[in-house]
Structures are given as C-alpha cells and as structure tokens.
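Going by the order they are written in, the chains are A, B, C and D; count residues from 1 in each one.
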Amino acid sequence: MAEERELQQSEQQAGPNGSDAGRFMLGMENVSVRYGAVAALEHASLGIREGEVVAVMGPNGAGKSTVLKAIMGLAPVAEGQVYWRDAPLTTATHEIVKHGIAFVPQGRRLFTHLTIEENLEMGCPYLRDKTERRRRMDTVMELFPILHDKRKDLASQMSGGQQQMLALGRGLMANPEVLLLDEPTLGLAPNIVASVFFNVSRISEELGTMIMVVEHNIKGVLDIVDRCYILDTGRVVFEGTPDDVRSTHILTEVFLGKVQPMDGEEE
Amino acid sequence: MRHQEVVGGHYEVQNPVVNIVFGLVVAGVVAWALFEILYPRLRGRFSRRSIQGAVGLAGILAGLYTGLLLVYPDNLHLLFGPVAGLAVGVAVALALREGLVRVTSSEDGPMATLVPAIIGLAVGAGAAAYIADRPESGLYLSWAVSCLLAGCVGLGLYRGLYVTLRNRARSPLIMLVASMGILLAISATITIVFESAPRPLPPAFGSGPIEFGGGNIKGFNFFTVGVSLAGFAGLLWLLQRTSFGRSVRAIGDDEDVSKVVGINTTVVIAIVFFIGAAFAAMAGILSGHDTAIQPRMGLLLLLKGWIASVVGGIGNLYGALLGGFALGMVEQFGIWDLAGEWKDVISFVVLILFLSFWPKGVLPRK
Amino acid sequence: MTTRTGESTEAGQRLGLVGRLKNGNIELWANLIVLALVIGFVFWRGSGFAITIGTVFAIWAILTVSLNLVVGYTGLLSVGHIGFFGIGAYSVAILTSTTDYSLLRTQSIPTHEWPFFAALPVGIVLAGAVALVVGVVFNRFRDDVFVLVSFGFAIISFNLFLNAGAITRGAFGIHEVARPNIVGRTLDGELEYLIMALACLAIVSLVAWAIVTSSFGRVLTAIREDEQAAAVFGYRVTHYKLAIWVISAMMAAMAGGLFSSWTSFIDPNSFILLESILLVSIVILGGLATIWGSLLGAMTFVLLEEGMRFLPFIPDVYVGQARQVALGVLLVVLMLFRPQGLMGRYKL
Amino acid sequence: MTQIPARDAERYALGTVGVSKNFGGVQALHRLSISIPRGQITCVIGPNGSGKSTLINILSGMLPLDSGMVIVDGEGLHVVHPYEMPDLGITRTFQDVRVFNQISVWDNIMVVLTRRKLLPALLERGKASQRERAEQALRDVGMWDKRNSLAEDLSYGQRKLLEMARAMALDASIYLFDEPFAGLFPQMLTRVKDIFKQLRARGKSILFITHNMDIVRELSDHLIVMDSGELLVEGDVDEVLARREVIEAYLGD
C-alpha cells in the first residue's frame, strides 16, 4: 500500500502538464507556504483539470485551506508558483476573480449587513454591465429559488444552510470557470450537509464549472468528486479517484493514525 | 512681531510655504489617483515607465494649478471657473451617456458618445462663462476649492501614512497615537500660519437676521441645516444605491472577502477618505460662517461626532444621525435645566453612561 | 551563568562606546544628545536659565513618570491625566491662596490660607479618591474606547475647573498661591524651589522604580500583554489596574500642587485637552515602560522649546506652537519606525 | 444519566456534570458530563467545532457556564472565576499560544510564582525559592538559555514550550493543554511528549486536545470523543478507537 502511495505521488509530481488525463487548468507546482516558522504547505503540487470536481482532504492543520488561500494570493507563498491556463497567476487578490476564479471562504463570510441581493451583486463588483449582472443573478436565483424569495432580507437573518447557498451564489455571480470552496459544510446540521453537496454537484453539472472543494466531511464529499487529494502536515500524501480512496486504508491511516503498527512495512 | 499686515488682509492669507505644501499634496494625490485608474487599463499598450511619466506630469500640472489658485484668490472665479465648467460638462456628458446606453442598449455606438459629449461641452462652457462673469461667486467657489484641498490632504495622509501604518500596526492604538501626532502638528501649524485668534469669515448670503417665530435666526443657519441634510441624503444615496456604496459597506463587513470577490479595497478606502475630509471641511466652513474660525475648533467637534456615533450605534448611519440630533438637543436644552456651559460635560457623561450600560447604542447594527 | 550571556556582555565591551553608536543604538544616542544639550544650554544661558528649566522639567517629569505607569505598564492609553494634575493644582491653590478677592471685584471664593504642606496631601488624597471612582467606571474599557472615555474625563474636569466658579473662580483663575514653607522658612527663592521640586521628582521616581521592579510591576506587564491569561494564573486583574491607576493619579496631583505653587497663579487654560495630548506624546516620545525614558522625554520636551528659539525663521511668539509641530511630527515618525518610543520597553 | 462518576473524588480529579454553553444561539456544549481520572493523561478528540476548546475554557473559568457544574476534587462549582484557578490547582495553556509577549522569558515564568495579593506583591522583590522554581521550570523545557530574550522573539515552538513551562512552574495538580502538539517540529514534539510523561510520573492529571492520533495512542490513558458539543464515547484508548462511532464522527456520515 505504501508503494501505491509512492506511485501516486510521483505521478502527480510530473507537474501541471502531467501526462495522461489532460493538463491542469488551474494548478500549483511545488508551492510552499510558511507563516513565520510554521510551514502550512510544503512543496505541494496539485491542480484541477477541465470539467472536474476535485476534493482536498486531510486532518486539521494539514494545510487544506492554505491551498485555496495560496491560489487567491491570501497566503505568503515562499516558493513555487500557481498556474492558470499555463501562465503564472500573480495578480493582486482583487484581480483574480476577473480571471474566472471565484472563492467561497470558510465559514461563509457573507456581508452580513447587506441584503441578499446586494450580497449577490458584490460577487461581481467590477461588472459595469447591469443587464449582464441581472442575467447572472437570475441564473443564481433559478439555481437557489430561496434567494429570490428572500432577496430583500439581510444576509444575517438567514439560516446556516441558506447562508451557504448565498455564499455559493455570490461565488457564481463572477461567472467563474473555477469555483474554490473552503469547508462549505462546516458548522452545518447533518441534514443540510447533504443538500450542500447536492448543490455543489448541481453547479458542476448544470453550469459546467470546475470545482475544487476543501472538506473535512469525507464520506459526503467522496460521492460528488471526480478526484481527490489527501494532505497531511502540509504535504500531498495521496492523489486518486474516490474509489482508490475507498479501496485503501489511507483515510484511517491519515485521520486516525496507524491502526496497526506498520513501521516495518514502511521501511 | 507678526501683525495683521504681515500676513496680508483679514481674510486672505498669503503664505508661500502653505501654498507650496498644498500644491505638492495635490500633485501627489492627482498622480497617485491617475496611476491607480489608468495603470490597469493602459498597461497592455504602454510600459509602466511611460505611464508613470505621463501621470507624474499630470500631477505636476495639477499642483502648479493649485498653487496658482491659492496665490491669486481674488481671481478665483477666473481661474477656477473653467475647471468647474469642465467638471459640470463631464458630469452632464456621463449622465447622458448612461441614459442613452440604457435607451439604445448599444454601448459603443457613436451616438451614445457624441451627443452627450456635445451637450456636456455646451453646458460646461455655459457654466464657465456664468461663473467667470461674477466676481462675487468667488466666495462660493472658494468653498469648493477648500473642500477639494481638504479632500486631497485627507487622501494624501491616507496614502502616505495610513496605508503604511496599517501594514505595520499591531494595535489600533498606533493609528490613534499617529492621529494625535498629526492633530498636534496640524493645529499648531494652522496657529502659526493663521494666528490663534478667532476670525470671522466674510458674510455670505443670508447673514442678516430673520424674524422667525419671535426670535432672530440667521438665514444662513437654514442653509446650514439644508446643506447638512442634503449631504446626509447624498451619503445615504451613495451608500445604499450605488455600486460604490455597496463596496464600502462590504469592506466594512469583511475586508479580506471584499478583496476576494474583486473589490479594489485600496481605491475604495481612499475615496472614502477623500469624501470624509471634504465633508469635514464643508462642516468647518459652515460653522465658520456661523461663528468664526479658529485653529482648535476641530477636536471637540470630532469627539462629539464620535460620541454621536456611539450613542446612535457604531456603524449605523441612521444611528449617527439620530445620535447627533439627540446629543445636540440634550446639549442645547440641558435635560436637568443646567446652563449651557455644562454641555460638554453632559455629552461626555452621556457617552460614559452609554458605553457602560448600552455599548451597542440606540440603533445597533443588526 | 551560561556562556551565552557571558558572550554577549563581552561583545558589548569589545564594541566600546563608538562601536555601539555606530551600530545605531538609538537609546544611547538619545541619552547622549539630550544630556549634551542640557549641558550646552546651561553653559550658554547661565544658571538662572538652568533653575527655571530645571523646575519646569521636574514638574513635567513627575507627570510623565506617573502617566508612564499607566500607559507603559498597563497599556491603557489615558488622555485624561491632566485632570488629576488639575485636581492637585486646584486643591493646593484653593486651600493656600491668601488673596482678598473683595479688592479685585471679581468672583470670590473663601480663602483658607492653609500651609502648602497641609494642602498638598489633601490634593493628593482627593485625586486618589476621584481616580478610584473614575477607575471603577473605566475598568471595563480597553484600547480605543478607553482613549475616548479618558478624553471625556479630561474635558469634564476642565469644564469643572472652568464652570464651578464658586470653588475655582472659573476663568479668572486663582492668584497668590502660597509657596511651601519648611520649619518657618518660606521657599521663596527659585533655587530653593528647584531643590524641592527635584526632591519630589526623586521621591516619585523612586516609588515608581520600586513599583515596577517589584512583583507587582511584573504582574502589571503581564496584564498589559494578556489580561485573560494573567487572570487564569490567579490575579484579580481589575484590582491591579485600579491600584496603579490610583497611584499614578496621586503622583500627577503632586505635580499639580507643585505647579500651582510655583507659578502662584492658575487658571483652567493650563488644563486643556491639548496639554493632555502633549503629555501623552511626551511619554511615548521618551519611551513606554521605562522611567528613565520618561525623564528623558520630559527633558527633551523642555529643551525643544528653548531649541526652537534659535531657529531664525520662527518668531518668538510661535515657539510653543513650533514645538508642538515638532512633537507631532516626531510622534508620527516614531509610530512608523519605533512604536516603543526612544527608550521604550513596550510597543503599542 | 446513570450516575455521576466525577463525584468520586478519589479516582477523578476533575469533571463536569451536565454543562451547557451557548454562543448566540449556537450550542457549543450540550449537557456534557465527563470525568478526568487522577494521575492519568486524558485526551479529548473530535472534529472541528465539536466544542473541545470551549470545554477547556469552561474548565479554566474563562467562560461562564450556562448550566451544569464543574467538579474539582469532588466539589461541585456553579460559578468558576479564572483567578481562582491556581487555588483549585488547575492551570492551562492556550490553543493560540498566549505568552506575555513583550516581557522576558524569565519574567513570564516569575509572574506565576509571585504573591497574588496587591500589597504583598508591591513589597515583594523575588525570593530565592521562587527563582529556583523558575529556573527549574525553564530547565525542564530546555529554555534556560533563552531566559533573557523577549517572549515575542522566540519561535513558535519555543513559545509553546514557554507556555508549558509557565503552566508547570505553577505546580498545579491538573493541567489543561489546548492543542499542545499543533505546529511543532519533530524534535519539539518529542520534547513535549517527554514533558507529558514527566508530569504523569509526578502524579499530575492532564487533559489535552489533539488531532494527531499517533500521539493519542502513544500518550493517553483515557480518551474522550466529542461531537457537536456532546460526549460521544469515553473510556480506554484502544477500546474507544476501535468503535465505529468514532470513525463516523471523523469521516462524516
């Protein structure tokens, strides 16, 4: 099993233009992020291909969220590079969304003193064309009718699940090619978690958006993704399809520690 | 040592150092603002260096023009008139274009640019001619110049100091102490340049008393109230209805996320600083016409504003209005029939009571 | 002793004075420059100048040391300290003034004609009592809100001095505040007064030094850094903050008493808000959480005014304002590059 | 609820009975009853937001509790003030490393050793016995060399060690550690593990939070698994980890 992991690792270290299954649209190569002395991400290379839904998983402090922050220019990237369509992505944070990369931050982080409609509009504040904005808003509201019903309410008055829909909708307002979701189910009740995952897969199917989702709820997310990465202490330790994950013990190993002593096996 | 004659007439202060400083500030602000606006749009076509050069040149010209305005305040209507006309023209043209685009829904049609441009040009020229004809309009133009200058100084402080401080500051106290430093320096500089004695501003319209309900009220006071309400309505409109206002509120809610969704937070905050400083200048001018101006008039007013916002609920615009109004009433009438000299004490006692027992204010943010 | 500390002292000695100056040791430079200026000014302007400057310095230094105990050691940026200064000054003035106001034909207050050394403790205790009440109210505030309410305290006390005419004679001020009297001998001479002021400064500095080097001082710094953590280790945080606040207020009142008997006339204009802001900026200039720094800051402040007199383009009338400009600019520069002040041990 | 084991003061050093805590409508802890065995290392695990840190904050008096009570040495307390903690023999570290930044390492330790009352503190200037204890605490974590530097100049791991030394200097009987192993380099990790073992050898009771399961297996004697503010499982480590609910809680369902 350890060999298998090695193999997966070496395969994905081929870089953004990795061989067989097509190249990464959005990817990072050899990226390290350090906060002072603490390394949040070390030599991580991963990415997302055309039309994919990708999950980034791992235990607390593994650097999952840092992956997304590094892409959005919110984390101090010490080395390595983020790529978007073969070109390095180096623009300022507020410009990145114009490239078609939208970010839905952890904990929703809505503008709580703005109405739902205004929150959606803030998904594309740079857009001058009002008809286009209207059109996008209609698309989002079609996807989440509840937002239309409550559009004059303040964002803070909604329930957690609705807030998550609004956060997704705000991201979609940028008409993104890639949607980055940071822990979309965090702090939500179990029955709402399922609907969030359902919404994510709907976005992927109906709008054809590429999605990279960072998630701690592994069982739920495995059902909706095409591929997943597992991080541990800042390193990518596994890459593969959900079936690969289910067929190995990688999860219990990373999350619950080694169930049986495997020291001999590793050496 | 220093007499009225030395510093010039009663109203016009001619100090080359002051003029140069204001000119420099304006030059810097114009250059920075132009750069922020033009660089992302032009960087495909021109090199960074040439954009910087052009922008720098524009800044220098703006600074020189400001200096010229300040050196010849008597001819303000001649010097400032064309610019005011130009501004009116551009505003008219933009507004018309917006309307035409909406009607014809074709953005780049020649009609949508040409018609508004011609109309705007005509209106602007008319405005310029109208102003240039009337020397007495110099006073009101000087209001505009003062507000613009104050805005530029505010913007310069933001760009030159606050941006740097914000990146380094580890606590809000650093900003506060730096503000105190600026306050000390500016109020003392004003004292040196303009002397510390209160001086009245020249009479504006409606300075004469009007009989109203048995008491004498200056007509100008009505104007002041009107301007305040108009300013408040304008702010409200800006914050609630425009895309810029939504950006401002979004930044107030969550600055990091605002960046992520694509708001250029630096520029938006800079504009807020500009507007804030210009508004403060207008308030100073109005109260100066009412009573008199003096170097230290600002601090207490500022603190009162702070109290009003605490009483009303921090971060709530309606709350600030309500708080300001309530505070004014309490101060003026004195709830316990106290004499007027205790009004500052009343304000601050109210503040401490509110902070102790009702820290969210009357209208808390939801 | 481990080798590590041994090495560092050795390296310091090897560098020597010049080496350390070249290394950009701001604290040393500041000390040297200010002390050199003191000596230079004294030689230039003569001993009379030194006596006046020294007295002004002593009074300001007591104030800055007392304020530093609050700002530097508890991290509460109080802009209201001038109020306690005023309470001390007015107590001494009211209790010792000997003027017969009936001749002045202005608002009059009863004269008590107490001796200075009886009035001063009353002022100190009164300031302590006021500080206790104010402190209980203010204890819940921190950071910028504390600054705001302390502004409030400064303004309220100024208004009291100005408007409570029956006690303070309002804007007329109080004349003929008595000089101190030691065993039948009145300290009329400037030199005698300077010696007394310096003695007071020495007492205050010693007390402050004893406080900050005791366990109490250490706990204060811990509270400044993290109130909750200090509480978890068993300290009643509010009591500690209140105690140092009261002590500091009493010291400020002492400075006030000295001030009013030295000038022999006080009016509310000495206790305006701007003075309070000046005071805070001197404390920060000298350095937070260091007593020597506060002395240095007060000395710099006093010398700045004299220094400004030598700048040819500033008229004499505006020297005070010019000093304010310099102080303001210095403050901004310090906040940018050295938020602990010249000699400070605590960065805001 | 069958019984309240925490009342058994002989076996259990610390416990909670039916403790609930609300944060503006969000139920952080819900009728939580746990008990922490004396002289053992107890570990709390659970997914993000399951209320682990809230538990420690309540046990150390930093948060007032809505209902229920905390039991220290068999004595039930409804209101716990943070400043009473040393008297109760409880001390803690923080998840976000809260050392006293702008004072020296030495003073950081000395702060917890000196007298608590105002007047004695004013007159006290550091006794030899206190200095010895401070030195001992610093030597225990290997920070003696750093005693003169400011706490804010230390690396993250060193500050964590300092925080731990500060807690140890107090010589409490119950130690609460909030994520002591997060963000540490391997050699630091070993050092902290050694400290844990040392404390256990001295008969202290320890409660700590971690996400690292290897450490759980290696160190802890007793395991508490929490999920959404409630107790999921409590008991012996191997026993608990073998149960399905634990894995479900971690991986979602």
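We adopt the following convention: a residue touches a chain if its C-beta (ideal position, glycine included) is under 8 Å from a C-beta of that chain, and two chains touch if they have at least 3 such contacts.
Note that this is a predicted model, so its numbers are computed, not measured.
Common neighbours of chain B and chain D under the contact rule above are A, C. Highest C-beta contact pair count among chain pairs: B-C. Mean C-alpha position of chain A lies 57 Å from that of chain C. Note on chain placement: the centre of chain A and the centre of chain D lie 34 Å apart, centres being C-alpha means. Separating the CA-averaged centres of chain B and chain C is a span of 37 Å. Centroids built from CA atoms put chain B at 43 Å from chain A.
Counting partner chains per residue, chain C shows two or more touched chains at residues 347. With touch defined as above, chain D holds no residue shared between interfaces to two or more other chains.
For chain A, the set of residues touching two or more other chains is empty. A ring topology is adopted by the chain contact network, closed into one cycle in which each chain touches exactly two others. You'll find the chains touch as A-B, A-D, B-C, C-D. Of all residues in chain A, those touching chain D in their complex are 36-38, 59-61, 186-187, 190, 193, 216-221, 251-252, 255-258. For chain D in complex with chain A, the touching residues are 26, 47-49, 155-157, 182-183, 211-217, 241, 246-247, 250-253. The touching residues of chain C, when paired with chain D in their complex, are 2, 4-5, 211, 213-216, 218-219, 221-222, 224-226, 228-237, 239-240, 243, 345-347.
In the complex of the two chains, the chain B residues touching chain C come out as 1-2, 161, 164-165, 168, 170-174, 176-178, 180-189, 191-192, 296, 299-300, 303, 306-307, 310, 339, 341-342, 344-345, 348-349, 351-352, 355-356.
Against chain A, the residues of chain B that register as touching in their complex are 40, 105, 243, 246-247, 249-250, 252-254, 256-265, 315, 365-366.
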